[in-house]
Amino acid sequence: MKLSARNVLPGKVISVSKGATTAHVRVELAPGLTVFSAITNEAVDELALAVGDTVSAVIKSSDVMIGK
Amino acid sequence: MKLSARNVLPGKVISVSKGATTAHVRVELAPGLTVFSAITNEAVDELALAVGDTVSAVIKSSDVMIGK
Amino acid sequence: MKLSARNVLPGKVISVSKGATTAHVRVELAPGLTVFSAITNEAVDELALAVGDTVSAVIKSSDVMIGK
Amino acid sequence: MKLSARNVLPGKVISVSKGATTAHVRVELAPGLTVFSAITNEAVDELALAVGDTVSAVIKSSDVMIGK
Amino acid sequence: MKLSARNVLPGKVISVSKGATTAHVRVELAPGLTVFSAITNEAVDELALAVGDTVSAVIKSSDVMIGK
Amino acid sequence: MKLSARNVLPGKVISVSKGATTAHVRVELAPGLTVFSAITNEAVDELALAVGDTVSAVIKSSDVMIGK
């Protein structure tokens, strides 16, 4: 499946921590460049997300702000 | 100002194109790693965004999905 | 690619209309049940979206509000 | 109150589960077509959301991606 | 209809400007306190939004960042 | 850092409550006008958010719906 989201950034999972309903996942895109993601615990389970997994961080362009 | 957004990724503007009300901006985070942003034309004007600018791509963790 | 987004709803494209930078796409999920999507023109082009296409509407659970 | 959100989809609550601060709610829009929502516990309490309730799933068009 | 969105802020429309597909609307919440909204042209038409209208700005709590 | 987000609303923190991974923060923008924010616990810690702090509520224009 190809997505309309303009940002599908490949990386490696470097941490997964589940909360009560929301989990936090860190993905390394490049050395020293990490993206932080908050998803549901169910998504972590269904994707069987674990440290070292090759994944993509998917972000809609309208969710990317610019700071200058 | 420090932000609650967990992702404040430094980069360089490589393209800016304004539409009728919405503009598209591309930011290079690392060689070959580009992020696409859709913001208002007003934001482009107010930040005086131009190719070559050093900026940050700001993304809330709840806006980052994972694909595997 | 499997997604962390909890909602991946299959349907058929019933309209595509491009604006200056943002396009509007309607997807029929079931008879009489249509979802309206605003994506970039680039996404419409890259996916070659056209009326009649079988697609999925992808929505993060944190983007679904409840009204009662 | 009428909303600018282009998607106000009627359905029935089929599950509600509260976490520490975030709750997950499932809404059936049509037989076999379910939408998953993550809202605050406070919202669940204030709307007194319970299984069987007639509700609407409210989604902005800019939060609907397309996969093909 | 009551909403799960934690922020339903009453105000007055002070400007409406339509683009090709996306419109910009400004709502004054209090003297000197204005909120800027980007919605679809269709929403502007359907709500018949005009300067002077009494409206609410509706914002999910997960879309409110904090800067300090 | 100046932001592309069109809404940077100054206010005072009136409550902070952390959950398992997600925290809820209330910011008073004007007397009787409060905004509710859901951010990560990590953000609360990193900003050292506490009641009485002068902060800004930061909201993208595409995340502001209109109800009428």
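Every chain is named by a letter (A, B, C, D, E and F) in the order it is written, and numbering of its residues begins at 1.
Definition applied: contacts are C-beta pairs under 8 Å (C-beta built on N, C-alpha and C of every residue); 3 or more make two chains touch, one makes a residue touch a chain.
If you want to know which protein each chain is, UniProt gives these names: A, B, C, D, E, F = TOBE domain-containing protein.
Computed from a predicted structure; not experimentally measured.
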| request: From chain C, count the fewest steps through touching chains until chain F is reached. | output: 2
| task | Treat each pair of touching chains as one step and give the shortest count from chain B to chain E. | result | 1
| task | Starting from the Cα centroid of chain A, hunt down the chain whose centroid lies farthest away. | result | E
| task | Taking all residue numbers used at the chain B/chain C interface, answer same if over half belong to both copies and different if under half do. | result | different
| query | Hey, which one of A-C, C-D or B-C is the same interface as B-E, over half the contact pairs lining up? | reply | B-C
| task | Can you check how far apart chain E and chain F are, centre to centre, with Cα atoms defining each centre and the answer in Å? | result | 17
| Gap in Å, rounded to a whole number, between the CA centres of chain E and chain D | 21
| CA centre of chain B versus CA centre of chain D: separation in Å? | 30
| At which residue positions does chain C touch at least two other chains? | 1-6, 19-22, 24, 36-40, 42-43, 47, 56, 58, 60-63, 65-68
| task | Could you please write down every pair of chains that are in touch? | result | A-B, A-C, A-D, A-F, B-C, B-E, B-F, C-D, C-E, D-E, D-F, E-F
| request: Sort out for me which residues of chain C touch chain B in the complex. | output: 1-5, 19-22, 40, 42, 60, 62
| said: Under the definition above, what is the set of chain A residues touching chain F in their complex? | reply: 17-24, 36, 38, 62-63, 65-68
| message | Per the contact definition, I'd like the list of chain B residues that touch chain A in the complex. | response | 3, 5-9, 24-25, 27, 29-30, 33, 35-39, 43, 47, 49, 53-68
| task | Over in the complex, which chain A residues touch chain C? Could you list them? | result | 1-6, 37-40, 42-44, 46-47, 56, 58, 61-62
